[in-house]
Amino acid sequence: MEPTRHERGLAQLHAVDGPAGVGVVETLAAAFPDFARYLVEYPFGDIYARPGLGLREREIATVAALCALGNAAPQLRVHVHAALHVGCTPAEIVEVVMQMSVYAGFPAALNGLAAVREAFAQEGIALPLRDAAGAGA
Amino acid sequence: MEPTRHERGLAQLHAVDGPAGVGVVETLAAAFPDFARYLVEYPFGDIYARPGLGLREREIATVAALCALGNAAPQLRVHVHAALHVGCTPAEIVEVVMQMSVYAGFPAALNGLAAVREAFAQEGIALPLRDAAGAGA
Amino acid sequence: MEPTRHERGLAQLHAVDGPAGVGVVETLAAAFPDFARYLVEYPFGDIYARPGLGLREREIATVAALCALGNAAPQLRVHVHAALHVGCTPAEIVEVVMQMSVYAGFPAALNGLAAVREAFAQEGIALPLRDAAGAGA
Amino acid sequence: MEPTRHERGLAQLHAVDGPAGVGVVETLAAAFPDFARYLVEYPFGDIYARPGLGLREREIATVAALCALGNAAPQLRVHVHAALHVGCTPAEIVEVVMQMSVYAGFPAALNGLAAVREAFAQEGIALPLRDAAGAGA
Amino acid sequence: MEPTRHERGLAQLHAVDGPAGVGVVETLAAAFPDFARYLVEYPFGDIYARPGLGLREREIATVAALCALGNAAPQLRVHVHAALHVGCTPAEIVEVVMQMSVYAGFPAALNGLAAVREAFAQEGIALPLRDAAGAGA
Amino acid sequence: MEPTRHERGLAQLHAVDGPAGVGVVETLAAAFPDFARYLVEYPFGDIYARPGLGLREREIATVAALCALGNAAPQLRVHVHAALHVGCTPAEIVEVVMQMSVYAGFPAALNGLAAVREAFAQEGIALPLRDAAGAGA
């Protein structure tokens, strides 16, 4: 039996961000249950579940967009965690955010790095990064 | 002998977008030579030349950001070409742009798809895409 | 039998914008069929179909948002037509756009009025508006 | 005797947001008296005082725009209060904000719902909403 | 006798942009007379007429903001003309726009330079600029 | 011997914002050393070091842009300090921010004035300003 969009969305959300993502949705659902349902169904059940792009690439795109938009710090922190969860390295995430200085300006990149720093601290990732290709060689 | 930032930037620009990218810079240089130099040196000589992230991933990040920002259609078209040039599939590019409906809204995605359509037409890529995982099954 | 999200979305799209809206989706579907489906299903099948807000109010909100964002002129024109279609008066639409000068600045309002002018011309609505409460008394 | 723009603006401000709106302006005036005067005169004395659009519709437009812009959380909270004050139902306000997911993306809507939650808490409005047409049926 | 806000605004508009600025307002007034009046009265009659900042500085601020916002190309062209009209040199204007690459990204600066190029062409200013401190030495 | 870009950037940073600016970069460098280096080299070593525009004018442009963008409050506070440091008067800074109400809307200006208030408090500048041409006459 084919899963519903909601089941597919929850599975994707779990694949993207583990129990943390599911927790975000449950908190939202306590106040805004319909919007929590849409959040599971459209972004995750419809879009992230599509086969044409890997989850690593999807998270790179999302971190880039949220950093560039510059008005979605809570969501950016969530997706830094998600990017790590789907296999992006810390250095790759820092690179994406630094690259946004080119497209959205240095303040957007600086505020993005502040979100990265908070998310890395929660994950126990020390800064500056130490590996050769990293952001802090 | 180590290349200068400018030499490294031109090499990266060529790697990212082939002769088309170099042409864009030359046109710019005819009117604004200093800014053409900065465009080569900082985005390409400093950022794209860094080892921590692949060019495919860099172009995914850039297409996502330009689509989300929504006020840079000419640059988005250039980077759709560049994304193809560094090995993104047409389907991957369409996926990135469709995903922006989640983060920047449907108008940003629709205008991004219009830029994709123009760039694909210049590349001779027919729409809708036909492959199973594509945007137009 | 309950309609599918897609059927409900098409019905809403027709209610909101008449045959013109359906035409926009069909044009989109020729190049990006999956995204055309999402555009029918999420915005119209899920959101506009909800009972908690009238279509007049939904179009006022949409015209306001698109004018304020300032990077979605094609979509703003579509929704000026839609606002008229669901019963907003020309004067009400002009008021919403002028009000955006307060929240998004005079350039956003000026560019919004340019979109209004184009849409009104297609509808045969003469400017300046003549009625007492209008924008051009 | 016709009221001055300032008198008309103060009256509109009171109509839109009651004593709270007047308090915001007084706080502003303590540090920036000229700008406090402009805030009363142009947005309220000129724009909101116009007859062509009802205050309910004006607040729907403003909540939509501030949510879509995504960088004006304090002002969004003020206008959620104002929307309730001029007769919008809690469900209508939640609908407007959820609709912004379509035009400005899910992060804008999520951050808008956070502002709604804060404003509703101050007004003693429990979430999720319970009525049939509400956001949390 | 003290001038009205409208008279003061028209005088400022003339000081800022000469007959061209007045022409823009007259074109606007043919379709949206009330908004044309507000455009004269608030930005020019209230703000530009204030003594605390020179017109050169006001135009530098406006060119910077319009370039950074990136969704107001027609207004940016108008204010490049205005900046020249109040005594900014071509090189200063190019500097302001290039500087926006830092705060709003390279695409904003590139699109700003395109607006500069169009406005300079209408003014008969050749690019690249030749003087020592210019953008094209 | 000509200074390196990095030396020139540090000198400019010191000229623009004194020891405070250097402190910001050192804090950044502890976590993201490469980006701290770019921040010194491109914005300050390349752009601010150019001869075509005075530092007062550069800071007016930056305060205007950051206020208009509305998503860079920490950077706006830094540049209010910098604007004072290079010789802008408090009144000039308030004028620039109030002017942004025209180009980016009243919420952007209000949030900009909040940043001004915080920065002025740290500098011991009392509000409202008292001088004749000031913002609070």
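Order of writing sets the chain letters: A, B, C, D, E and F. Residues in each chain are counted from 1.
Note that in this section contacts are C-beta pairs under 8 Å (C-beta built on N, C-alpha and C of every residue); 3 or more make two chains touch, one makes a residue touch a chain.
Here the structure is a predicted model, which means the values were calculated and not measured.
Two copies of one sequence, chain D and chain F, touch each other mainly through non-matching residues, since under half of the numbers at the interface are common to both. The most distant chain from chain C is F, comparing centres defined as mean Cα coordinates. Averaging C-alpha coordinates per chain places the centre of chain C 21 Å away from that of chain D. The geometric centre of chain B is 40 Å away from that of chain D, both derived from CA atoms. Chain A and chain F, compared by their mean Cα positions, are separated by 31 Å. Counting partner chains per residue, chain D has residues 34, 38, 42-43, 47, 50, 66, 68-72, 75, 94, 98, 100-108, 135 touching two or more of them. Those residues of chain E whose C-beta lies close enough to touch chain A in the complex are 68, 100-108. Those residues of chain E lying in contact with chain B across their complex are 69-71, 94, 98, 101, 105-111, 113, 117, 127-128, 135-137. Touching chain A in their complex are the following residues of chain C: 34, 38, 41-42, 46-47, 50.
Residues 28, 30-35, 38-39, 42-43, 66, 69-72, 74-75 of chain F are the ones that touch chain A when the two sit in their complex. By the touch criterion given at the top, residues 42-43, 47-48, 50-53, 57-58, 60-69, 72, 75, 89, 91-92, 94-96, 98-104, 132-135 of chain E touch chain F in their complex.
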